[in-house]
Amino acid sequence: MKKKKWDSASILSALIVCLLYAAVFVAEQMMPPTSMLFTVLKKGATYALVAVSMNLLNGFTGIFSLGQAGFMLIGAYTYAIFTVPVAQRAIVYQYYNGGVVQFTLPVFVAMILAGLVAALFALLIGLPVLRLKSDYLAIATLGFAEIIRTVFQWDKLGPVTNGSNMLRLFPTFNDFNIRNAQGEVTLYLSTLVPLLIAGVCIALIVLLINSTFGRALRAIKDDEIAAEAMGIRLSSHKQMAFCVSSFFAGIGGAMLAMYQTTVQAKSFTTAMTYEILLIVVIGGIGSVTGSCLSSFLFVACSEWWLRFLDQKQVVGGFEVPLLRNGFRLVVFSIIIMIVVLFFRQGIMGTRELPDLLRRRPTRANGGEAK
Amino acid sequence: MSEPVLKIDHLTMQFGGVVAVDDFSMVVNPGELVALIGPNGAGKTTAFNAVTGVYTPTAGTITLLGHNITGLRPDQITGMGIARTFQNIRLFSSMTVFENVLTAHHLRRTSNLLSATFRLNGAEERQMRKDTEELLRRVDLWDLKDEMATSLPYGKQRLLEIVRALATKPKLLLLDEPAAGMNPQETDELGDFIRRIRDEFDLSIFIIEHHMNLVMRISDRIYVIEFGRQIAEGIPEEIQNNQAVIDAYLGGGDEL
Amino acid sequence: MFNTVFPYLLSGISVGGQYALIAIGYTMVYGILRLINFAHGDVFMVAGIIMVYMSASGVPLLVCIPLVLLLTSVIGFAIERIAYKPLRTAPRMSVMISAIGVSYTLQNLVLYITGGLNQIYPTIPFISGSVTIGPATTKVVTVVTPVLTILLVFALVMLINHTKVGMAMRAVSKDFETSQLMGININRVISTTFVIGSFLAGVGSMLYFTNYTTVIQTSGAMPGLKAFVAAVFGGIGSIPGAVVGAFIIGIAENIIKGLDIILFKAGVIAKPMGLATFSDAFTFALLIVILAVKPTGLFGEKTIDKV
């Protein structure tokens, strides 16, 4: 089977990705660490992972879930709770006598745990919810995310979650930089490592999608009744996709915590899920490459390129009308509606990077399921 | 006498106040090609759906090779050896011809999620692909393997659906109006094809069909139902001369 | 005991009525298009914002009220024409995504206009005053809401059962394709549905924001979701179901808000548990339970998929 998959286009794609990583590594050593480029890459990596995990459900399994923010929240909290240094716990949990958790896990262990806890929640919630039809499922998962958000802010859970106060002082992306004894950074890795983490996770999702299980999921998306008639058990396969997606959303949540340096339940809103969904739509529902591209584009626009829309701009003594706080989001919304209504394929449709490099793409018709 | 492949005993399907299938019994013996005919709305597809687990029977039992399969899920029933096609073709639209057939091998897997994701199931995956290739070559669809399934001409789509069902390695194949929408020549070819796979794949076949010529030509035995009840059973010649059947069709204004 | 519970019950009934007015919009649209109109809660919020800006610009309130209702209906109509109608034959997921896009757009638009600040809702003279009923003192709107809701629902049911357009609506919600073949102007029916739904959401917004006094771009999200849950609870597609569901949810949610005090006064708990936190979570827990146990809701009809 390897013979088939590793054609020249695939090898070229892998090469491109490697080159991009090398470029980031070099750029990070050369450019000032405060450059907007790195902010965009870090947040973009986080969003790319979450978007791909959502795409696994919406694009590859046909499950329209809107619970992504909830699973990110679980991941972010799990990570933060278990990585705040013991010495700092008295400060962070100042209203709860330093909290109940009095040990610290290594960063990568905590990240995997973040994914596992999110997957566990997915397992529990999946039992009642996954039997529902598309739109009911959407609203039920949305409701689940709201419940999680409330529960994590409950005062009684304060010794664990710090109630409605924020969690902070845990290791962040900057702690990936390697420092010498004087505390000076000798090797900048704070952008490369998050990109690598996201890259590995996305690669795992791609491997899953291209396995026999991935085919089964696509079969479910195309036609549940036919899939079932082919001997594919719907409940277990949907449950599996839901848990895997939540696992990676949990890791994405942990990455978001590291990016933001603080975690607070109230920021994981429905709007966050909507934003990720819209990223998936812009990239192309059913394209991993599309989700990644559109994540970086979205983050770059919102944090960097379109920032100017939020401020007064004077061009040659003339003040450009309309530009003030919030205009960026209006422009965003309009772009999104245009994509949704007129370019339903998004950037990539269902194509992937290797398809672009092939002269005659085999699966590029990008037809939407009925 | 050997055990029947499929045995339906006193099957009743009720939806609210409507009785779609009423106390229907039948058998399909090993290697037999049995047809179920009847006017539109007689309950043929409902009976199919009860056999394949899409609906849970209101009453009655369904037995596959001595195992009671009543009320099992469709995927379990497929796993036990019944495969089917659909009246309105249901191919996987985002997949190629090859992938459609490959996907049907999923249920015979021994790998799990992790071993499949980390590619520890190489031998099994290779075997699946080899079986798919062999199957497609045998039915002359190999040249079309990279076409999108739904871009095939109509007749080929019907054929592919049958092949996909065969890939689940069934003992009994259920065909729901396989000749619907085909021209006479395609229908003839289909008839030959159905007989051929019955022999080559060591199958029993249970078919619903409206094309009477086809049914009379290929069936070993025929059951006729009207309003969910059986009105006749016998070999093609008997059915052709059965007064109740003739009345049912003429009364129903259907083709014969 | 009764004196403690009564005020919560009263505000529960009131909020329930407001949810009911929103829920009808969800349930009617779902009945006809099988679409969860995610933007409906935001239409409700926009109605509030229009009221704020219109009254601030000096338009007398008596003119504001009908004008706001008219504009809200127009917005509902426009959303359907722009964002849903082009996707009539598209997969359901696309339409849902479009609805989410509209929701996102409306919120961002309002954020831009208001600068993200809380807007003070104008005082509507008659319903803003206080009234004392038994042990509770409350705003007049609390008492007006359930009465007005029932009246409007009654009028709506009459419209659906006894007018030509109502008959068309019932036909379309029973069978979309056949109705089309029978010569019913589907687009007109759908537009009417959106207009009615938005109109009622407009009325609901006046009652709701008189109670809560401020409007912000996210004000519509929570009431919208809860109203949707109410619609599901009652059996989506059923108008009486949505109303009953909304009242139950409104009451339950307010009782939970006061549960700490109620239990404390009854001597069940010694100190507050912070249970009020769960008033929102309860609604969604209820939703998940209903969907798992009886997806068709209280008054919904069971449908069988054809294979």
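Note that the chains are named A, B and C in the order they appear, and that numbering of residues resets to 1 at the start of each chain.
Keep in mind that, in the parts below, a contact is a pair of C-beta atoms (placed from the backbone, for glycine too) under 8 Å apart; a residue touches a chain by one contact, two chains touch by 3 or more.
These figures come from a predicted structure and were not determined experimentally.
When every chain is represented by the mean of its C-alpha atoms, the one lying closest to the mean of all protein C-alpha atoms is A. In terms of the distance between Cα centroids, chain A is separated most widely from B. One simple way to say how far apart two chains are is to compare their mean CA positions; for chain A and chain C this gives 32 Å. Distance from the chain A centre to the chain B centre is 43 Å, each centre being the mean of its Cα atoms.
Centres computed as Cα averages put chain B at a distance of 48 Å from chain C.
Across the assembly, chain B contributes residues 54, 86 that each touch 2 or more other chains.
The multi-chain contact residues of chain C, meaning those touching 2 or more other chains, are 307.
The residues of chain A that reach two or more other chains are 225, 369-370, listed in rising order. The part of chain A that touches chain C in the complex is made up of residues 58, 62, 64, 125, 128-129, 131-136, 138-140, 142-144, 146-147, 150-151, 153-156, 225, 270-271, 274-275, 277-278, 281, 285, 324-327, 329-330, 332-334, 336-337, 340-341, 344, 368-370. On the chain A side of its complex with chain B, the touching residues are 1-2, 4, 204, 207-208, 211-213, 215-216, 218-219, 221-223, 225-234, 240, 244, 286, 350, 362-363, 365, 367, 369-370. Chain C contributes residues 34-36, 82-83, 86-87, 90-94, 96-98, 100-105, 107-109, 111-113, 115-116, 218, 221, 225, 228-229, 232, 273-274, 277-278, 280-281, 283-285, 287-289, 291-292, 295, 307 to its touches with chain A in the complex.
Of all residues in chain B, those touching chain A in their complex are 52, 54, 73-76, 78-79, 83-84, 86, 90-96, 99, 102-107, 109, 111, 113, 116-119, 121-122, 125-126, 128-129, 146, 148, 150-151, 164-165, 168.
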